[in-house]
Each structure stands twice: as structure tokens, then as C-alpha cells.
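Below are two complexes that have chain A in common, paired first with chain B and then with chain C.
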Partner chain A sequence: MPAAAQPASAPQETSEGQGTLRKAVVVGGNRIPFARTGGAYTKSSNQDMLTAALDGLIARFGLQEERIGEVAAGAVLKHSRDFNLTREAVLGSALSPETPAYDLQQACATGLETVLGLANKIKLGQIDSAIAGGVDSASDAPIAVSEGLREILLDLNRAKSLPERLKVLSRLRPKDLAPDAPNTGEPRTGLSMGEHQALTTAQWKIGREAQDELAFNSHHNLAAAYERGFFDDLVTPYRGLSRDSNLRPDTSMEKLATLKPVFGKSLGAEATMTAGNSTPLTDGASTVLLGAEEWADARGLPKLAVVVDGEAAAVDFVHGKDGLLMAPAFAVPRLLARNGLSFEDFDFFEIHEAFAGTVLSTLAAWEDEEFGRTRLGLDGALGKIDRAKLNVNGSSLAAGHPFAATGGRIVASLAKMLQENGPVDGRPARGLISICAAGGQGVVAILEAYSAPEGR
Partner chain B sequence: MSTEQPLILGDVPSLSKLYVNAAATAARRRMLGFQAATVLPQGSHEVRGVQADVGNLTAYQHLIGESASDVLPAGFIHALAFPVAMSVLNRDDFPLPLLGMIHLQNHVEQLQAVQFGELLDIRSWAEDMRGHRAGTQLDVVAEVRSSADGALLWRGVSTYLAKGVFLPGVDKATTAAAPGEFTPPALTAVWQLGVDTGRLYAAVSGDFNPIHLSLLSAKALGLPRSIAHGMYLASRALADVGSVKSEAFRWDVKFEAPVFLPARVALEISTLHFASGAWEASDYVAWNPRSGRRHFSGSVTAL
Partner chain C sequence: MTDKYTLFVSHGFGKDLAKKLGLPQPAVLRRYKAGEPLVPGPVLLLGSGNGNAAGADELAAVLLGWGLDVRRNALPKEKLGAIILVLDDVEHPQDLAGPVLTAAQSLRDLVPCARVVTISRTSASAETPAVAAGRQGIDGLLRSLAKELRAGATANGILLGDGVGTTSPSTLGALRFFLSGRSAFVDGQFLTVTTGVGQLPTDADRPLAGKVAVVTGAARGIGAAIARTLYRDGARLVVVDIPAAGDHLAAVANEVHGTALQLDITAEHAGERIIAHAMERHGGLDIVIHNAGITRDKLLANMDESRWNSVIGVNIGSQLRINEALLASGRFSKAPRIVSVASTSGIAGNRGQTNYAASKGGVIGMVRATAPLLAENGGSINAVAPGFIETEMTARIPFATREVARRLNSLQQGGRPGDVAEAIAFLASDAAAGISGEVLRVCGQNLVGA
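Here is the complex of A and B:
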């Protein structure tokens, strides 16, 4: 396949004969407020929350009984019975039951990856409209039976006679009855995500105060965004919540400084990661409406932003070469190079705050000469971002992080920010999204404010 | 309805207390040979500022197969209004025995979607006591209004039969409306109802009528086994009709053979669309797949 052997080029610049790609436009988004685990959504399932977010989107954009090209969403903590989670949510929503759907799972990058995958289908002309999304419940998490009990139950089902069944049952031991709850540990290292990040945070010499400051900014930026009504057309109340329940508008550097470290305690005095500068477990769901320009125009729907391009990366965290959550440090330079852009060409940076240490370690890597030369193959450091452009309306430290729902939250908010911002030096406003994920992965993307083509 | 001012109840009455009181009243009437009034009480009962409990709402939605949205299912509103309705039937001057009454049919008009968190005024009264070939029937009406602006949101009419009770002055039914022949259609769904179906619905609806709870409690009231709540069955059928239905709709159900638990119930749900393609109505019918006896049938229709 000669085409595949060519280096990937910017998607707008397809070679002759292949036809030009269409634009994939972000029309808008809707999410339910994110709730700390054990809070307002304790009894709500992933399907409930995804359906609630979907129904809010449908109501906002008048999509009742509309057949959407495709809906893709996912959950990181997913019950085995929810194998068709997204399709079931569609069937429970006001969309046409003839709307196809699929589930996707790429840990915390799930939501952003659904946006990129569906945007690509729109660009290729395979579909005209799409809804991307994600949901997670840490409250209503699946609990599996132990491996021992599972084997016994399966054998029991296969046993044909009563003596056979009794023989199988006689293998049952008390320890088999202990359930197997999910945890945030990496299967290959046994370390939790927080412990992994603590190592990275120490490796990049990120201080406690810098992390607390990032958390402080996140809360204050998110609170200010709520105050000026930024989320009025991005969030639908659910179960009595109208704002993210993790948000602490009155938090201060002093308060954050009083918290004791919870991760990396083996580092002793170097332990810097607290409950304040780490994201808590959260429940919530988000959705994003995407479409071709013609599709949005035919319905009189807004066109906020264009999904320009995306890139995934992964790092070898198992053998210690890179930190678990450092993949975006590699994905972003590749994405920038492919699109011929540098940090100066961006007006907004949305870097998911899994931990304050993650954001700061990533920024430190990009600013590091040696990392740029030896790991990124550049002449020097990738560059420094203008911190005034970082997570200006708050991010996961304040809003919370229902794993698969974070991508949709960021894409919808950024699309609105880009549209509100207007052109910059004659070009459309541009935003960079960076999301780290379990398994040493990361997905990043570029969004641009929508601007009508010449003559339209 | 009567023009009298409603009797305002301070709080939603406890259904379990009402059932105990109903049992005591029944015993007293039997022992004393005491015949209560022969006409329906004129007044209505009302509870103001009722709010759905979110945990209860979620449990109800999950049990009947609705997604846990912030919109109260029409059957959930029936359950909210049920204690107020039962308090009318539990009055000393109510002429029919509450225990053992049979739910014949139910008619609901959902005029507006009711959001979780809205404060509701619930008023109920009894009307139209009339003859039935097997006893005496009456309608219990419940109206649910927004406490904020008084707008009527939901209206339900439940028709009950007091079997074997013939009151002086109440006309006998003129025609014996025996159920017609029923040929089961091709099924579109099957429900597997466990023996605990009645207990589970009692827990979310508060309707702890003993005929639904267990074999023994049902036997005490003369039934061979416990039976599923009629409103559980109708609410599940409404959930199965799904989110295609419009915000305002009419929902009817007519109950025939009771569903003895545990059970397999076969269903057919068929949907009609307007020429525009919008949903117009869904009809449902449920039957015992072994005997072919019809359990209930009804419809959901756009308003």
C-alpha cells in the first residue's frame, strides 16, 4: 500500500486526486455537573448519567427523534453487563432509535479519542453528524467475584449431575468469597497512578508550592467561569447538582499548604502530592455534538470550532524510562510538527490536571533543553507556554475527573472559548488539548475557532 | 369533584399505618355488624409541598427499567399520590372495605414533565360509586399540581372494585361486561418476574399491601400466591414504550388476570406514528405465555 508508506501530512493538505477533506465542526456540548464519589450520583449508573448528559444535549440542540450519524462514548470503570453502554444510552434517549453507537475505551483519553475518531469519519464524508462522549462512576463501580469463585461458578454451570456439582462446590474456600474490587493500580507495576506520578514529580523536581498554586488557580478559574455564566450552555443540572461538587471557590494557598502528602510518602521530605493538588475520584458524564458544516447549517446550529488534528503517544513507563503520565510530552511535539505550529501559535492550552504534578512535569519536560534534544530529537527545548493561557476556565483539579468524561468536558469548553475569543492577528483562535491516560498513554488534539470560508 | 375545601394533611400519610388501620376497621365492622355510610365522602384530601426523595426515585427508575433521569416517571407520581388517595379510602365514613379492593383500571394524563426537585401539591378524592356485576366500583382521582404556580401537571383516575359488596342505592351494572376472547399476538418481549417482585416494588412505591408481599401474607387474604402490583406492571410497560413518547401523554391500563409470582409474562408493544413520522401512540398487551390468559392491556397516547 504505497499511500500508507508516505509520511502523514496535515489533513487539510491532501494530495490531488484524493479529494479534499470536509471540516468536522464542534457544534456544542453538554455535561452534567461532576460529583465527588459517594455524593449526589452515588446510585446513578454509567448508563443513567450518559443518558442524562445526552438528553440535555438533545434538548439544547433540538435533536429529538433525529438520526445521528454515529454516537461513540465509553467508560473506564465499566460493568460487563454494559457491553453496549452507548447504544443503550441512545435507546434510552430522545434520539431516533435508528442511531448507531459504539463503545470505546482508552482510559482517561476515552472522551477525546471519541471526538477524534468521529471527527475523522465526518472529515471523510462517512457521516454528517456525531455525538462523542464519556462517562464514569467511581461510586457505582463494578465489583467482580474472586478468580477462584468465578472458576467454580463456571465449572458448576458445566457440571451435569448432582454428584459432579457437589464435587465442584466442595472446592469453594472462604477466601474465594472475597470480592475483587477495581483499583487504580497499574497491572504491570502494582503502583497506583498517584504513586507513579509521585516518582515523576520528584524526577522533574516539581515543588509543593507550584503544585498548590496550580490547584488554587484551577478552583478560582472554574469558580469565576461559573460566576460569569460560562457553563450556562455547557452544563445541565442533575440530581440536585448545578455545579461540580468538588469545586472550592474559597480555597487558598494557606489551606492547600496544610494538607498532608498522600502519594510518594516513601520519598520523605520530598513528598509533595496532597489531596488538594491531586484529582479526587468523581462521577459524571459529558457529550459533544459534532457535524459537517452543511449539517449544522441546515439545522441553523452554531459552529464553534473545528477539530484540526489529533495524535496519540505511549511511553515505556514499566521499565522506568518515562513517567506513567508523560506520553503527552511526546504526542504534542509530533502534533505540532505535523501541523507546522509552535506554542506561540496557540491562544489556549487545556492540559488535563490528573495531578498538578502531571501538568508541571509535562511543562518542565517541554522546557528542558536536554529532553528536547535527546528524547524529542529537536535542536533544544520544545518551548515554554504562556501560563496565562493555561486552563483559563479551570480543569480537573477543581471540576473533578470522571475518567472518560474529561475529554468531552474539555473539548466543549475549549470550542466555546475559541469562538468567544474571536480571531487573533487575522487567524482563528487556536487551542491545544493534552490528556494523559493509564497504561502510559496520552492523546492530544488541536482545535481552531470556526471561521466561514471566503465568500460565505 | 366537590366544591368543598380539601382537608389539608400535614404530611404524606404512612401507607403501612393506613393498611393496619384498614385491617382494624374491617375487623371492627365485621364484629359489630356495623355498616358504614352508603355514599362516598364528599371531601378531598390534600398534601402540599411534596418533594420526591432522590434515592427512592433512582431505585424506582432502576426497578422498572427507566433510565434515572431527573424527570419523574408517570408511575412514580402515581406512587407519590397513592398514600393521599389511600387516606381518602381509609376514612371512617368511606363505605367500602379498603382491603381486598381490586384495581380494575387506571387512567393517567401526564400534562407536563415533572422535574425532580419540584414541589408538588397532591389532592385526591373518590367519586362515581357505581354497580359492577361482581360488586361495587368507584373512581379514585388524584391531581398533582406545581406548588409554585398551581399548574396541573398530572391527573390520575384509578378504578377499584369492592368484590361482593352490594350497597343499597347503588345500581347494579346493566350489562355484564365479560372480557372478550383473546388470541395472543406474536410477542415482542418477555419479562421474568421473580418471587420478590412484589416486595421490591413495595420498597420503592411504599405500597405494602400484603397480597403483594409473600405467599403467606397473600394466602391470609385468600389468594393462592402473591401477585405483582398492577401499577408495577403498567409502569414497566410504560418504560418499555420508552423515550419516544411525547412529554405530554395519556396512559391507560386495564387489568384482567392477576400475575401470580414468580411469573413469565409475554408482551406485545406496537407503535403508531403520525404522517409526519412523530410518535402518536403505543399499545401494549401482556399475557401468560403458557395459558394464553390476558393479564393486562393498555395504551400510551400523545396529548
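Here is the complex of A and C:
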């Protein structure tokens, strides 16, 4: 355990005297199985689940009483009492209570953004170790009092005398007593995320069968990964659940075809989005352990992958210029250009399956000459990805999607896949992560299998 | 937890009532706590008095060095914490009379949870029938005495093989174990010291300091208790259990500051995975505790293939395969220690447990046959056979059956998971290096069976 006063080791100086960036290594991860809302975790709070995910990570890597450089996590659906959610989870975990923590929130990109932010701090030499994470509970969602009741209660608190108080109370109307439940609607459009995606799905002419096929693959890939023990060192059971409760290993194209559309029913085109090819509301938490190479080496910890780079983008969905969940379509080309890479340079693609239509619309945009030229400023289409490399161990359609926890799930799984894969044509295996988020945002990242530097 | 009945009859009205009605009066046992004296009173050390008392004299000197209050003659009415009978030079059954009848006069002066320990030689190594008769007589004597002792006192014996003396490291190790609270639920048992190898710990409260230990089936019950006890004794831990028990396993790992390895031990490369984990994370592997086990009880007439095969596969098949991997790896070669959990069912049999008893009998056979394979590296392998232990598993036995099962031993109570763990921790220590291929029962001297 490093002494409390010991600073993070600064990056190495090069012979030219310029600071170089260190590597930020993904050591491993842990999550609890994801549960459909109203299921196994109905009575679990965000703090309960994040603490459980942390404790499983601590147990896996022997981090008891360790002072981690920084822990960052977040939740999308958050109670006002959870203002210091991550720090409270750290205090409830087996980590050293001297571990600092902060909350971050970027809708469904929260988990990936915590990884990128902390990886940057490690690269800069500000910290040697970090835990990134995310949690969400749609079961234990916050319910607020109505705006009318809230104003009355605040005024009541300010009222000084009994007559004043009675006067304030007399403003109370029955409708003020109705609670204000959270919803997935976009504040600026009033449309739900599903309805937004239905517009995009229709715009890119994504068919029902293609969406069902993506869902089918997601379930079968995830089930196969569980069967071969892929998740044995990525998942720790919680509250009687040892696999994601949304997983349907026996689903078939026929079964998926029987489901009735739930989104896009008022559009002119045929409605294609069903409960089968859309992710359900889910509860769960995930964590990722990051560190500098020396930090991992000193503890005999694995070095699965390095966090190479990340990029965020946002689109103007409010005025209908782009679909709500299409920001990754813009983030990925910028990220590839900065790193001098093309789709051929990747061995794994992890595209978050908010809806099957989201993934397919994004792929369609990248394959579209017109979109490439006019929106991405390229000579033609960005490119086509090899579908055999897409979400090979399943993704959100099968696992479920506890908003802020998805990033951690993907980063830890991809890091393990990259390490298992070994080098490709003499270079480390490479993976691309793409996560869309509410508010028209998206965050994408590149991970590379860790390979020891020459001579080590 | 001491069971409610034991608490009730331990003092006040309950104690009087039990006495009047002649009900069993189990004692609250003396269990190890760091800092408490090894023995709760003076130690009476008796030799056989047949002229060759070197073994007893040497031992007395060592015990004085441990800070014990050693007496060679009992004082009238003085309470005693333990009686040690050094009978290593018995040459004829008639040699027993002197020391045994002297000890008899002090039995009523034993404090609660006192200890009687005999030290003698194995009858197999005797050269004449008379010597063998004298030595084997001690076996019957000790087991009977253990049944006579009351108030939590126990009697156990140490058998010395050829070339092993009363002050050989593992003789002293076994003696310390039997005298201490670590052996609370071990009664009427013998441990054979076969060689003079072994090393007593520099810190008696941390005998496993610096060791890396793997415990399988560590998520709950006896396995979790083993992890806690090895941690207390200074070991660094890898705790292993099936992925579905991962949440309990994580809690144990965090409690014992170890690492959790979610692994099905019946998987093909389980042994290699365990070795790799221990080497990468802890830089070595010194101790493996095979604790993981399952029961799938059925009368043999109703037994199906899946019940039979799963029990054999988990309880002994996995141990055989993991041991093979350990021996082949070359990474498990510096005085390695293996301790397997067997069961009294595997010795005495148990109705409805043909599969389980076959697997646990298998463990005993495996341990005996593996001992010579480890000996060349200074290693050892032993088994511990628990009797009735108070666990989640035994708590599911119907009340009346459970109540009978837990009273049917000389200590008239069930043992605790920690009692099994103490025996395992001792056998995993370097002080027990001279003990190998043995089966130690932790059963309070169960009245049924061997």
C-alpha cells in the first residue's frame, strides 16, 4: 500500500526534455449481472449496486485497504440524496477510505467518459491507479414531487407565522399531489428515445428483419460467452443473479418476428421497432480498474489493454438535422482521422445496442457515400465494418442497458477480448467502442491489446 | 456459535437441572485466542519410569522454554492444565501401569478444557510382540480415557515413527496443537510423526507468515472459516469457488485481504488456472487446501448417474487433477503443503451417502498415496475428517436428527467450522512437515464408526 503522502510517479522525461505520456492500462473489470427493471434488484439502490460492483473488483484484484488514485462513476437516474454517490460507495467498500472519488454524468456515455477522463489523468502522471464505473437503477428511480407542491413546500418553510403558513397551504390543489416520475423523454422535443430512434430508423430505411437479426446475434453471442466462462472474471453475482436476466439464450428469429412494434407506430412507414430489438430498462453497475504499467506490475496485476484515445460528439437533433442517437457517426470518423486509422485496422467493434436500429443506422451512415461527402467531409463513404467483428460477445440488446453502467461493461469485456485475441499481423489487436447518449451525444474510444515494450 | 442447549446447561438453573436429570452437559470449549496461555494451568509431565527417561527429560526442558509451568510430580489438590504421558520407551504392556495410574490420581484435578496427551511409538515399528503390545495398548487406553474426560477436556496421542524423537519439530508442533485451544474439537485421536523434518514457527501466533495459500470452496461454511484462520495465521490467500458463489466469495476475499478466483474446479485446466493466478498475483504457491465439496444424498437403491458422478467429480476427481497439475508445474516445489477435507462419512460410512462416502474415502486413499510423491521436496499432504460441524448445511437437518447427531460424541456438541480450520491450518504449517499421509478427525470423538 503506498503511503498516503506518496505522489503519483510523474511521466518519464525524454532525452529532449519533453514530457511523454504514460500508458493507461485496463487491468480488468467487474460488474454485477444486469437485471431487468422490477426484477432481482428492485430493492437495491444505486449506492448498493455500485458498492457491490466495487467490492467484487476489490476482491478480484486484492485491493483491500488500497488507496486508489481516484474513483469516478455516475448514474443517469439519480436521487438528490446521491449527490456524492461514488464517494459514498467507496466509503462503503473495502478500499482505503482515503480514496478520493467524484461523480460524472453524461447520460449513457457516463461509464465510457469516466474511463477516458481517468485514463487521461493516468497518462499525464497525475494518478497511478483509478477505478471507473457507472450504475443505474430504473427500479429504484427517484420520484419528485410536482413543481407546484415543491414551490408550496419551499414557501411554507420561509413563512414565519401560522396565518402565513395557512395562506401558503391554501394554494395546494389536488393536482399538485401527483408525483413527478422520471421518463426517458427528451426535454426539448418531448419525444421518447424510442420514438426518436424510430424516426432515424425510418430515415435510414432499416428493415425489421435486419434489426431482429442483430438482436438474435446479441442474445446468442452473449449466451455463448457465458457458456465458455468468458464472464467468470468479469461478473460477480448479486442478489441471487449470476447472469443477466434479460438474456434469452433460446430466442429465435421466428420468436422475434412475432413481437408487435412498440415505437414508430404513428409514422407513415411500417413500424419495425419491437421490445425484442430495443433494450429494456435495466438495473446494474459496472467498474473498470485502470492503472499505469508500473502500478500494475508492482502488484502482479494483469495488463489487458491500453486506452488509446477517445472522442465525444453531439448532434442537433432538436431541429431534426440528425437523429438523436447519431452522434457516434460523427465522433468515430474524427477519432479515426486523428489516429490515422481506418475500419480495416480494427479487430473488434463494440457498438452499444441502445436499439438495433441505432447500430444499423450508424453503420448505414458510415456506408453512405452522400453522408460521407456532405456530412463528414470525406471523399466518399467512411467505410464498411466486417460484421463478424461486431459485438462478438453480445451487447446491450441481450445484456440490458443500465445507462451509466454500459460503458464499464464494454470496456472491461473488450479489454479481455483484445488480450485473448493476441497480436494481429504483428500489431496489437485493436477495438473500437461507440456509445450513443441522450441529448444527441456520443462518446467513442479506441482500445488496444497491451503489449510489453521492446526488451521487456 | 455455541448451541442453545450447551449455553443453558453451562450455568445456573440449567446446570442444576441437567445434573439432576442426568442429561448431557456439554462444556463451552476452550478455543484459541492470540495472547492467551497455551495451557490453562500447570502441566504434569510423566515418563514411563522404566529407566530410559531421556525422551521425557528432553521434552520437559523444551516445555520450560515455552514458559509452561512443568511438574514432574503432582502436588496434592493442585489444579492442572494438562497431563503429558511420555511413553516412547514402553517395552511391555506392564510398563503402562506406573505412568497411567499416576496420571489417574490427577484426573480429578484437571481444570475445565484441560488436555491429556500421550507420546509413544508406532506399533508397526515395534520389533517384538511385547513392544508392539505395549505400544498398541496405548491406543485403546487413550481412546477410552478420552471418553471418560468431562468438562471439555480432551485426550489425544502422538505416535513417533522410526528415528523421530520427543523433541523432533513435528512432535513439538503436534504437542502444541493438542495442548492449545486450536484442537478444541479434536478428541481421542492420534497423529503420527513419520519424519524428523519440519520447523517450528518463529512467531507462534503467525505460523503461516509469508505463505501463499489457496482454499477451494471458500465462499461459505468451513471453506470461509479456513480462509479466515489461515489469514489470521499470516498467510496470503487465494480464495476459489464456483462463479455462481462469487458474491459470497468476494466478501470472504475482502475480509481476508486475499484475491477471489471464480473457477469451477472440475474444469479441465482448473489446476493450471490456480497456479497461474497464485504465481502472477502473489509470486508463489505454498499451500493448497482442497475443501470444495458437494453432497447429493440418496439411498443407493435410488441413486442416479448425475448424483453419483457430480459428487465423485467435485469431491475427489478435481483434487486428483489439480494435484497432478501442481506436481507437474514445477512451481509447487518448495516444501509444498496440501490438506484435503475428507469426512467421517468416508471412514465410518453414512446411510444415504454412498456417493459422498466413496468420494471422501477416495480423498483418504489419494492423500496416503500422494505423501511419498511430495516427500522428496520436503512437502506433505494430509486430510482432515470433520464430524458433526455446525454449518448452514447441517442446520438443514431435521431438529431431532440434528440434536442426536450433535450429542453423539465425547464432547456432546457439534464442532464449529473454525475447529476444522484450526486442524487444517496446523497441518498446513511447517511445524507439521513431519506429518504426511495422515487423516486427522475433527469430530469430538464421534461415538459412531472408527
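Here, the second predicted complex is superposed on the first by the 436 of 456 C-alpha atoms of A that agree within 3 Å, B and C clash if a C-alpha of one lies under 4 Å from a C-alpha of the other, contacts with A are read in each partner's own complex, and residues count from 1 in each chain.
Basically, contacts are C-beta pairs under 8 Å (C-beta built on N, C-alpha and C of every residue); 3 or more make two chains touch, one makes a residue touch a chain.
Remember, it's a predicted structure, so these values are computed and weren't measured experimentally.
Three-chain overlay on chain A, with chain B and chain C in a clash. When both complexes are overlaid on chain A, the residue A:Asn391 reaches neither chain B nor chain C.
Looking at the shared chain after the overlay, A:Ser361 reaches neither chain B nor chain C. Of the two partner chains placed around the shared chain by superposition, chain C is the only one that A:Arg60 touches, whereas chain B remains out of contact.
When the two complexes are overlaid on their common chain A, residue A:Leu301 makes contact with chain C while staying clear of chain B. Shared-chain residue A:Gly229: touches chain C; no touch with chain B. Look at A:Pro237: by the touch rule set out above, it reaches both chain B and chain C.
Judged by the touch definition given at the top, the superposed model places A:Ser218 against neither chain B nor chain C. Of the two partner chains placed by the overlay, only chain B lies in contact with A:Ser44; chain C stays clear of it. In the superposed pair of complexes, A:Leu91 makes contact with chain B only, with no contact to chain C. Ranking chain B and chain C by residues of chain A touched puts C first.
Taking the listed stretches 150-158, 168-176 or 186-194 of chain B in turn, the superposition on chain A shows a clash with chain C for 150-158 alone. Counting contacts as defined above, chain A residues 52, 55, 65, 94, 237-239 meet chain B in one complex and chain C in the other. Contacts from chain C toward chain A in the complex involve residues 243-247, 249-251, 253-254, 257-264, 267, 280-283. Of all the residues in chain B, the ones that touch chain A in their complex are 54-55, 58-59, 61-62, 66-70, 116-117, 242-244, 277-279. On the chain A side of its complex with chain C, the touching residues are 52, 55-56, 58-62, 64-65, 94, 229, 231-233, 235-239, 242, 299-302.
Residues 40, 43-45, 47-48, 51-52, 55, 65, 89, 91-94, 97, 237-240 of chain A are the ones that touch chain B when the two sit in their complex.
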